[in-house]
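Pasting the structures here.
Look at the two complexes coming up: chain A is in both, with chain B in one and chain C in the other.
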Partner chain A sequence: MKFRTFAAFVGPSVFMMLLFIAAPLISVFIQSFQVTQPILEQVEVETCTPGFLTQTCTTEIKTVPVLDDNGKTITETRWVGLQSYKNVLQMDKFWAAVGNGSWNDIMQIDFWKALRFTLSFTLLTLPLVIGVGLAIALAVNNATRAIRGPIIFISLLPFIITPVIGSLSIYWLFVGDGILTAMMERWSGQNISMFAQAWTIELLMYFYRVWHVAPFAFVIFYAGLQTVNMDTLESAVIDGASRWERLRHVIVPHLMPLIVFIALIHLMDCYRVFEEIVGFRSQAHVISLQWLTYDFMTPDDAGNRAISRASASAMLTMIGIVFLLILPLRRTWRDHKGSAH
Partner chain B sequence: MSTSKAMQQSFALRFSSGAFLAFWCLLAAFPIFWIAIMSFKSPVDAFADSPWDVISGPATRAAGNGLSVIDIVVGLIVLYFSIRWAFTRLPGLVQQYSPPAFLVLGWVFGAVLYAVAFILVFFGLLPLVLSVVNSILGPLGTPVLGLTTEHYVAVWGENEFYRNFLNSMLVTAGVVTISLTVGTLAGYGLARSGSDLAFWLLILALIFRALPHSVLVAGYLPVFINSSEILRPIFGEGAPTLYGQPWAVIAVLVSINQPFTIWMLRSFFQNIPAELDEAARVDGCSHFQAFRRVIMPVMWPGVITTGLFSFLLGYNDFLVTSLLLDAQNQTMVPAIAGYFNRETTTTDQVEAVAAAVSITAPLFLLVMVFQRQIVSGLTAGAVKG
Partner chain C sequence: MFLKRIALAGAVSLMGSAAFAACSYENEVPIKSLSAGFEAWKAVTDAMAECGNFQAELDQEFRTKQPAAFEANPSLYQIGGVSNGTITPLLNAGTIRPLDDLVEKYGQNLSPNQLIRINGEIMAVAMMVNTQHLMYRSDILADLGIATPTTWDEVYAAADKIKAAGVVDYPLGATMKSGWNLAQEFVNMYPGHGGQFFNDDNTTAVNSDAGLAALATMKKALEYTDPEVLVSDSTYVQQQFQQGKIAMANLWASRAGAMNDEAESQVVGKVAMSAAPKATADGAPATTLWWDGIVIAKNISDEEADAAFRLAMEGLDTEMVSGANDAAIWLVSGYQPTDIAKGAIETATANPAPPAYPSTTQMGLLHTALGNELPAFLTGERDAAATLVAIEEAYTTSAKEAGVLK
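Right after this comes the complex of A and B.
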């Protein structure tokens, strides 16, 4: 294929990606060093109220925004260097907390709280998703052919459901005296409220994420299981391998590329955990990095959006992505070089 | 598949694997079906702490809303036959009456017509007939199962959820068509070009795939809000404010979706033998003619599958739509977040449940119809590496 034809085919897609993905990235990078504020000026205002004999006049100095000809506030954009990053990271508080050796104090700072949750969420759900997905795939592979279709249909439901709705559906089972909370209360004889403390909410979030993603892992593993070499399996049996050994030494190595694929996709998706926070309404207890950026961008009571702080937190989130992708990218690069020579 | 004797499994193993599977199916379906049940009950029943009360709905029944044995039996029979008819006769009718060139449109038309007819019969005609029958039959006609559709009426009627529904449809349809058009061309180009540039584009797309969406939205937001001032030098006075415009959101979602789309379509195009378009090229076609005449007729399975995933992205999105659309253009998923803020009474809560079920229902149908395509789409990217 000539370069010109290739460019014509790929052009529209590349153009859209550059315009709506690459360009915003650059602008976020620049914004994170800037602050846009309305220009304020101090004016002396004399207010007079009618009084007996003479008017009572008071003068005071007020700070008002400067208006342009159309009556809009004039804003100015200043370079502030790393100020926004400092506002997000709050390093002085962080070091003070480290100095005290107090974990709780660090967790009072939004950014570090969000980072802690995002990382533990990503790393804890990963083995669970792969394990549960593999278990379902093995069990379905064991089942009679006739019921496989319906089972796949039911399994796809948690995967396909809108994430916000999915987390809401679990939220409603547990909220207040929802049936499952009531059931647990009956068993334990204690008063349980699932949404009053951080760790129970976090448990439900882990559960939700595994519930939501395990079907994806299952479908891929199931497809992989269809291509396991039966001869290898049978010779393993003849060699006296137990069922567990066969799983460990024949099936899992066969599925290894798929496990790597799922792990990569899962890491990418989990790192942007966001919908759970909305669905479980956990912002008072548990927040994630992406939610932090989102929160800076939603207008506050005065209608202002903290764009520069959002940009700074977005850039900090990006650092995590770089770490996440560095290993797989290095491997692809090596493969590519290997195939070229 | 014949199992050799060595591979046979003990009863205990078969039993435990079956039990695990049953448990998983329960776990997978339970939350979704449970909110579906809740949405039909009065608030007292919906948030009752005994599961049996939620299912049977005594308070709903006491309020005079319920189904009698006759209602349930007749309803199930009608449901069974209408589903059967949809799968056996409807395809034939569509094939017969739609001109071959517009088969897809014919399907859409047939499905919409069927849905409207079903709703009219099931929710309009049936209750009328059955209320007469119930009053005649006496004991068989007294309600035994509490059930009310008042929350759906409130959500779709009073709260004008249909506006959000239409916005959702607009955004989703835009996302699917544009990202497929752009993505098919790019996917084909990438699949047929072995150059280094193609490799680097794919890697770049992979990196873009990993970006959190909030990072991108932080870039759009200030530009979109001030876009009429920024664009004025180019477009003059008519420069649009992009914030709140559905088509701006469509463009954003298409771009966010592009990396995934081109990866997926590329893997589908690689499965189409390259000899096919090489033969067309030998016969004197240009690349574009080869694409149009030879590849397009055989690419539909891959395109449909990718389209499904684009649909899911557009339909399920919360973050982008909630930040870039204003209240009057809001789509369904962010609109449901509006219920949280109002959710003061339990009635509001059940209305939120009903709205959630309304959002889920189309997805449920989607899986039912396109299960095979979804599975093949999930595996296409992974199994081939």
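Right after this comes the complex of A and C.
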């Protein structure tokens, strides 16, 4: 291909990637080393508040930002080095807790609490998603052709539902005297509160995520199953291989690149777990890294946002994803190099 | 918060109305407003819409949108609905205008009590007061021979009896959803125990005996509430009341009207209101006073501001109040306090009176710190002293980042 043609094809997407991926990333990276503060002054302010019948006026010293001639807040941006990262990681507290050998103390530090959940969520759902996805794919592949269409349609439904809506639905099914909790209570004869302790909430989160993502794995695997070499499979049958042995030695090796692909996507998606936290209102018990970033970003009633810590937390999330992806990526790279020779 | 935004995305209703029903004039200038989405705002914006050329956006997440929307030039909305908690970022950024001349021109029907003066200038016009106060099932308390509780000790004693009688699922409801709601519970309780939030140098003073006392009082509630109380917000508690699952709660006055809503409530006429319980026998009710009202954006033309204020006055008139008397504790003339306003009025006129919510930049930071650190105490992962230290540290970190502390 001529370079000009190549450039004309690739140019727009490279430009888009620079604009929408690289530029925000660089800006967040820079902001994580900066702190922007308004210039504040202390002034005496008299504020009158209505009671029911009369007003009460109070005079107090308030700290308020200084405005310039155009009525804009004057801000000052300083380089603070790794201060925001320190504020997020709280390493001094972390090492103190490690020194005490107290797991509970470590879990009191937001970042480490979030990291614990995010990692266990990501790593526990991964084998489940691949296993369930493969199981559905095999089941559909072996089903009679007549009912295959409807089965595929139904299996795909969870994947179509918007994650926030899906997690809200699960929340409503189980919170208080929700339908499913009421049913479980009738079976067990006990009062069950699914949202009163961390482990039940986490269990529901795992369940929800597997339910939601397994169809994606299923679609990919189902496509892969159509390309399994029939000759190999038939010779395996002739050699007396059981159904399990055929799966173990023929089908899974054939699907391996797809398994790695799904693992990659799933690790990336899961490490950014967020919808479950807000949907289940689980902040009191369980938080994730992405939720932590969101919490820093959310302005309070007085309009404060912790942009610097949010940036640092976002960068840390990205570093975490890179670490998680190294293993599967190295495998893909090896396979890629292997096939080139 | 995010959840509410999703839930209320549907409620963000754009109500451009062509009906010129009961308006005394025809509005020629297009006006938009952004406010919270509860019943009182709906009544007010409906009344404004009668004049035409008006769009109201009712959104419970207005507080995150409003500062940026008003900072735009021209401002995206002419009228803003605020409370004493959410007016602070607008005042700090200077994006709302003084209303003295407009009040003089159109505000003949306003009472002096409604004019929110900051340093002598009128910056907002209040329309209603709101506070958390005690709501209880009068039938249950009467059956069990319990007098209306006036202190938290009495509330817990009453809860004990109700629990023993087993007439409801849980004796107490509480707005303890982790985050803003839970923090607000502490903000109610802590001054009730005589606590000060800040020292003169902007450091926080919550790590104190009053802090410990407030935490102890809050934790006692867990013996009587739903085990899932850390996910329950005002709407959830309101529904628990309406479905007859709880007998008492310290709940917002703006939720009182819903108790007698026959379409939703199974306890019509059975829920009574009284002053917020006191934390100590001779103290003020352990709650804070709030007001809701309107502001006018600065970054708009004077003609628009004139039209917007005139329209707002049309929304805040006697006619609107008579149509929605029980939607709020109105400050607007023509309001007839009914039984459901009793608790709020008793709370606001108590002696000593509860403080107004102390909205400042520091308070915003402290509120967030409280909301994030209190849950670990209530789930039992951390003791009270360690929790207060954690709150202090979280506040100090964010106050340094915000430049409030050096």
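Keep in mind that, in the parts below, the second predicted complex is superposed on the first by the 301 of 341 C-alpha atoms of A that agree within 3 Å, B and C clash if a C-alpha of one lies under 4 Å from a C-alpha of the other, contacts with A are read in each partner's own complex, and residues count from 1 in each chain.
The rule is simple: a contact is a pair of C-beta atoms (placed from the backbone, for glycine too) under 8 Å apart; a residue touches a chain by one contact, two chains touch by 3 or more.
If you're wondering where the values come from, they're calculated on a predicted model, not measured in any experiment.
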If we overlay the two complexes on their shared chain A, which of chain B and chain C does A:Leu67 touch? Say first, second, both or neither. second
Now for A:Phe6: first (chain B), second (chain C), both, or neither, which partner does it touch? first
If you stack the two complexes on chain A, which partner ends up touching A:Thr332: first (chain B), second (chain C), both, or neither? first
Who does A:Val164 touch here: chain B (first), chain C (second), both, or neither? both
So in the superposed three-chain picture, is A:Gly81 touching just chain B, just chain C, both, or none of them (first/second/both/neither)? neither
Chain B or chain C, by number of chain A residues touched: B
When the two structures are overlaid on chain A, which partner does A:Gly131 contact: first (chain B), second (chain C), both, or neither? neither
Using the superposition on chain A described above, determine whether A:Gly176 touches chain B (first), chain C (second), both, or neither. both
Could you say whether A:Tyr294 touches chain B, chain C, both of them, or neither, answering first, second, both or neither? both
Would you sort A:Gln283 into first (chain B), second (chain C), both or neither based on which partner it touches? second
Common interface residues of chain A with chain B and chain C? 164-165, 168, 176, 278, 281, 294, 298
Using the touch rule from the top, collect the residues of chain A that touch chain B in their complex. 1, 3, 5-6, 8-10, 12-14, 16-17, 19-28, 31, 36, 135-136, 138-140, 142-143, 149, 151-158, 160-166, 168-170, 172-173, 176-179, 181-183, 211, 215-216, 219-220, 223-224, 227, 233-234, 237-238, 243, 257-258, 261-262, 268, 271-272, 274-275, 278, 281, 289-290, 293-294, 296-298, 305, 307, 310-311, 314-315, 317-318, 321, 324-325, 329, 332, 336, 340
What residues of chain B sit close enough to touch chain A in their complex? 4, 6-7, 9, 13-14, 17-18, 20-21, 24-25, 27-29, 31-32, 34-35, 38, 47-51, 54, 182-183, 185-186, 188-190, 192-193, 195-199, 201, 203-223, 251-252, 254-256, 258-259, 262, 287-288, 312, 315-316, 318-319, 323, 333, 336-337, 340, 352-353, 356, 359-360, 363-364, 366-368, 371, 374-375, 378-379, 381-383, 385
In their complex, what parts of chain C are in touch with chain A? 1-3, 6, 63-64, 67, 84-86, 88-89, 91-95, 112-120, 126, 129, 177-179, 182, 200, 202, 226-228, 230-231, 236, 240, 289, 291, 298, 329, 331, 344-345, 348-349, 353, 356, 359-365, 367-368, 372, 375-376, 378-379, 381-382, 386, 390, 397-398, 401-404
For the complex, give me every residue of chain A touching chain C. 35, 37-40, 45-58, 61-65, 67, 71, 73, 84, 87, 104, 107-108, 110, 164-165, 168, 175-176, 193-198, 278-285, 294-295, 298-304, 306, 308-309
